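See the structures that follow.
Here come two complexes built around chain A, the first alongside chain B, the second alongside chain C.
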Partner chain A sequence: MSDANAPDGSASGPSDGTSDPPESATAAVVEAARESDLGLVVGTLLAIYAAATLLTFTDGLNSVAGLMETLTFLGLVYALTALALNLQWGYTGLFNIGVAGFMAVGVYTMGMVVRSPDPAFGPPGLGLPLPVGIVAGMGMAALLGAVAALPALRLKADYLAIVTLGLSEIVRLSLQSSAFDNFLRDTIGAGTGGGRGMGMPDNPVRELFLVDGQAGTPTALGDPVFGVFGNGGLGISHPILIGWGYIAVLAAFLVAFYLILERLGRSPFGRTMKAIREDELVANSLGKDVNLVKIKVFVIGCALMGLAGILWFGSQGNVSPTPQFRPLLTFYVFIAVIIGGSGSNTGSVLGGIVFAAVLFEGPRRVGGTVRGLIDAETPPSFGDALVSLDPVTFLAYATDNIAPLQFVFLGLVLVFIIHRRPEGILGDRIETAAAVDLSERPTGGESDE
Partner chain B sequence: MGTTDSSIVDSARARPGLLFVALLGGLLLVDLAAKLAGVGLGPIGGSISVDRLGSNLWNGVVIGLVIGLAGIGLSMTYSILSFANFAHGDLVSVGAFSGWGVAFLIAGLGDVSVRALLTVRDAGNASPGDIGAHILTTPGAILVGLLAAFVVTALLAVALDRAFYKPMRDRDGISLLIASIGAALIVRYLLQFVYGSDRRGITASVDASNLAFDPLGLSVNAHELTILVAAVGLMLAMHGMLQHTKLGTAMRAMADNKDLALITGIPAERVVTATWIIGGGLAGASGYLYVLLRGTIQFDFGWLLLLLIFAAVILGGIGSVYGAIVGGLVIGVVFTTSTIWIPSDFNQAAAFGVMILMLLLRPEGLFGGVTTT
Partner chain C sequence: MSDAPDRSDSGDANDATDVDDASEAVDVADANDAAGPGELGAAETVAATDGPGDEPESNDSAVEEAAKHIPSGPPSGTPPLRVEGLVKRFGGVTAVDGASFEVESGSLTGLIGPNGAGKSTTFNCITGVHEPTAGKVYFEGEDITGLKPYQIARKGLVRTFQIARELAEMTVLENLMLAPQGQLGESAIRAVTPGLRGGVVEEETALRERAWETLEFFEIDHLAHEHAGNLSGGQRKLLEMARALMTDPEMVLLDEPLAGVNPTLEEKLLDRVHDLRADGYTFLLVEHDMDVIMNNCERVIVMHQGSVLAEGTGDEIRNDERVIEAYLGEDL
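Our next item is the complex of A and B:
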């Protein structure tokens, strides 16, 4: 999915007449976008939408809107999680690879608190209101974060990585366990559902559009929206429209995350975090309480991961520990942060959006489209594809098994970035610990001329 | 006796965590003794047969040997190249698939199509019984497979090093760790692409393959015995190599003090290559043996084993080859005997818990730090 050329069609007009340094219209657009981070985020989204339209426009508006909705949802949730991880890793240098575990704790706690005490099926819950559940989920994730911070105080980064990975696996195995489920049901009266997982409470956004969430009974808000965009107008299906409503909520959370973390990063506390990242010993020597800062960062970051987990998986109907909270999820988020350049909030948002569209969802869609163009039967296995000695048959096998190839591609991207662009693909955005930019020479001093 | 008492009190005060672990361990031992005697005292005690404990311990030792064998390579690369290699678990899987492909080829050639054999039953629909791989019926095939697992994995480890790690030798441990996560993804999903994603049976079942040791209440499988012999043999070979060859001395020197080793003229790159060959080869062999033990294979089993391998290496102390073996045995025994006290869903979590406790209380490991001796 190459979208580099997508935005310049619209922008080439105004830059034609100017006589300024940028050599081409594309360079001018890139220049302008770099100056405005918001512009870059919007530009990236537009480029992704253009590519999505190109892939699906033959199937009608409904498919285009649906694909865009999927990509935007994934981009936003990855951006949310990447922001939380960036606080720990990018700003403070704490290498936490237990992200999946903290998200699981957040969403499971929310589910257990909010689910009805006597559900039709699945484990019982406590039956408390949703906001209580969200706060409880963040609280539990923060508590686990405080526990995880204990090893962070005394271990080297690579040991911390192994401990946090172990912790996230312990969380996953506990949620998976039916013995743990029964134990919780007996003691607090709410269960996890074990390996079968649990259904999530109804999304309140759905009830904004539909009375009691029932299809076919739109509310005062739902009626005009469905009338204009839905079956009454443009013909976009109602779940997709409700999905867009939820995206607005996610976008609001993203802005809130961003503002909180930016403010935190620029505060004295933020400078201490960056100082710890650069040189822990120096920060300690200057009288900063390194341990306390690390604990706080772990608690805040993990609470945000818990919230991101709730917003992400809590809206997906059903959660279950094993496919969803594998360590792979953590690595996805890491790749998103690395792409954007760790240490920058804008980078994390961009990285999340780019990762979701280009690396996560893109290959599947492109693979599916290519598969549709090939007129060959898919061989049942790699061995059969190989002995057929027919490149078309092999391509059919490859595009039908695009998922593993996608992970191979992810791995290659990861290695490539670490080799060539350790500062991130989207430019060096890391914020230095100093309040002023030390790398820039003061202008106006004496010169040799 | 006053002085001894006060020193015990002092050390307990200095390390409350260690005291807690010691008390907990003591309590579990008392509980185990009560269970064996069939005495119930409130929360402790209960009943458990000697047979069950014996078979738990034996299974733990066998799994522990496999984990320890895989841990040797991880420990070596960790100490000599100074990074935690997250692709090590997938080297274990590579060894299993390549080794069993070759073993199948020898055991089933003529009866079953070659592509079904080489893809370890992904293509075609031959059953494990059709191929008939078992140590009692096709010992040659099993042994050649073990050799193939070693060689193929060693080659792949060197290739990964050349492609991914060599260009970044001077970078920090975290960068290398992230690169190894990338390498792990590449290897694991290429395995899935080539061999398919389903879990499938490997070994044929043969009558009378169990040897019973009646006085101990043990029933020992022929495959478990094979693993015991192969793993101990490889470990002894490793010991001989480290202690009695020039390469082994160079490796120990590199692990102890890299700068000093370079100054004395040790060819660093050659030692690194040898480390990958031996460490990767042992990982591949351990994966092959693990499948022999379990009888099934799946593309990501090595990745799922990785944390247990890490636990073993950390327990023994990173850099110590003997520590990795002992750590593997401890983790294996914890893995199987923890089911006496906790539900079996949690035996893996118990092993991770032991690892985390070890890191918190004694991060240098049982054998204390970087010593390959």
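Our next item is the complex of A and C:
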């Protein structure tokens, strides 16, 4: 990964004496990055940062840092969720299309547990500490996962998909309902806020930088950071700097997620998961309690989705059920896993980052920048744009309407991937499902005669 | 006749000779039928020489080195597998209609019958894939009727499948390492928690070695790192059997292990079965090919229209009027 850290390919030559020298220095870097998972992820991030810089450098450092912060945040939260889904779908073949619902349960439970019992606005909460809220959110998502899995796993695999999709919509619509809100307020003393949603508890990372989270009163940590990077130094705005602080927290969670899931995958438990994905009857006939393992996997995965929901939406100030927890969110996460290659944890991280930056946020930013460069009237409709037969006019229309067109782009990319590389970026790798290195052949066995 | 030349002829000149030595040492009585599946006809008089008390503990330590865990064997006198009045109906169709039979300890028993005789359904009822409509299945004296497949496998009764069901996207080595029962690392907590993972790694190291040795025994060790889906049909059959053995079974049910296997590999597979049987494993073999059954099994059970038509040695079956009638037109 030392090679991959060099953003400029030509700078670092093929210093490591590999057997067959790559064609160019860039190829050498790519080769080195492929061999190291961390190198691969860092290399991808650096490539995205380079593109972001290219897009915004004319607007100053603050814009560059801001765009990078947005892309990194989205990349990391998608990576977290993709990892949880990969455990269920990639490893075990459990087709959970209710990801959004489990995330919503996680973040809403956290909010209800942590919010003040007597808030200035919005629904009341239980006023418990944040760690309690996070554990409660994960627990609630896990519980809901178990409730969904217990009946569904007795049926054929496809029914799990239907059950989870239905459940995720039930969750969303319940959270939106004011009757449910009132019911919860009356029974447990904490409400959901119905369709208006609820404000999230203060982000503790903000308080690391600002006393009581108040702008203008930096802490001992905030002062030097703001001094060097903020108004006194590089001129990056404080919210962006705090955002980077939160990204450090997300990155720590991502590493922890990754390590736990890698260990789980590289174990006899991981072998059983893969065997269930490949052929349930075989796993069963070899003495594996398939249903128990499936329920365990489902519960672990849902708890992680709950945590991902907390880390993602809990940091966004306000959550509300309908724009945020539509089934669309689930499909985005699926796309991330598919791009990365289902069954590979590194692939899921990579898929999350690539999806968020290149397919989700990237087109909007590129579209905005390109529109700014075009000096043309935007035609009122697609037909007008087409009839004009002027590529510049058409481009103006396209970039002005990038949000809907982005889905066309997304669809094309998916079709391309499924057609050309159905296994995703890293799906062809052999992810060893054992706690020891299998390529190592014990010598004792051969001397046996 | 001496069995030594026969065995080295059929045994592919590989260095799995330890097993051959062992089986020679063990049972001269078995030697005739263990001799050569290649020799058609020679084995006709085989089964009679073979007593039911084929005790596993007579094996010497050379066999243990072959990394196969020798079955502890059932309590003496109890047949490992006993099926009583088994009935299985699918809607209006009665696939198995009151089948009853026993399999003797340490034997290689063949189960034959024309298409639709109910062989595979019987297999599925024994191994818990189907729940029998009526009747009982006993394994080592214990009623296992209606247990789940994994519960039956844990008791030491494992099966292979008629159409090989390899775990395609897992390597051959992973396929084998999946099989052993009660692995520490099957607990998710143990697999993840730093302090507890040490034991898992230790166990995995031993398991890896056993898996390699089993692969060598079946001569598919060169394929260890291949995805199982890339194997040929015959190699998959070998993999299935190797995987079944890794569970450390008492008894193995082989569902048409030779279907779609070329003659060379067929011989290799049968050799392995004979070697293992000499080590004390009990086998029940469903097969379509009459010659294979007649030449290799000391007891043969014939099923017809869902029930047991005849039972006996290969010779008895060959001359049984009812069997000839059931197989009318087939060359016995």
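Just so it is clear, the second predicted complex is superposed on the first by the 383 of 449 C-alpha atoms of A that agree within 3 Å, B and C clash if a C-alpha of one lies under 4 Å from a C-alpha of the other, contacts with A are read in each partner's own complex, and residues count from 1 in each chain.
Throughout what follows, a contact is a pair of C-beta atoms (placed from the backbone, for glycine too) under 8 Å apart; a residue touches a chain by one contact, two chains touch by 3 or more.
From a predicted model like this one, the values you see are computed outputs, not experimental measurements.
Asker: Under the stated touch criterion, which partner chain does A:288 make contact with: chain B (first), chain C (second), both, or neither?
Answerer: second
Asker: If we overlay the two complexes on their shared chain A, which of chain B and chain C does A:387 touch? Say first, second, both or neither.
Answerer: The first partner, chain B, only.
Asker: With both complexes superposed on chain A, which partner does A:275 reach: first (chain B), second (chain C), both or neither?
Answerer: In the superposition, A:275 contacts chain C only.
Asker: If we overlay the two complexes on their shared chain A, which of chain B and chain C does A:296 touch? Say first, second, both or neither.
Answerer: A:296 contacts chain C only, not chain B.
Asker: With both complexes overlaid on chain A, does A:179 touch chain B (first), chain C (second), both or neither?
Answerer: The answer is first: A:179 touches chain B but not chain C.
Asker: Quick check for you: in the superposed arrangement, does A:263 touch first (chain B), second (chain C), both or neither?
Answerer: second
Asker: Would you pull the chain B residues touching chain A in the complex into a rising list?
Answerer: 83-84, 115-116, 118-119, 122-124, 164, 167-168, 171, 173-175, 177-179, 181-190, 192-197, 307, 310-311, 314, 343, 345-346, 348-349, 352-353, 355-356, 359-360, 363
Asker: Using the touch definition from the top, list the residues of chain A that touch chain C in their complex.
Answerer: Residue positions touching the partner: 260, 263-264, 267-272, 274-275, 277-279, 281-290, 296, 300, 343, 430, 432-436, 438-442, 444-446, 448-449.
Asker: Mind listing the chain C positions that touch chain A in their complex?
Answerer: Contacts found on chain C: 15, 17-18, 65-67, 127, 129, 148-150, 153-154, 158-159, 161, 165, 167-171, 173-174, 177-179, 181, 183-188, 190-192, 197, 200-201, 204-205, 208-209, 212-213, 216, 224-225, 227, 243-244, 247.
Asker: Taking the complex as given, what residues does chain A use to touch chain B?
Answerer: Those residues of chain A that touch chain B are 95, 150-151, 154-159, 161-163, 165-167, 169-170, 173-174, 176-180, 331, 334, 338, 380-384, 386-387, 398, 401, 404-408, 410-415, 418-419, 422.
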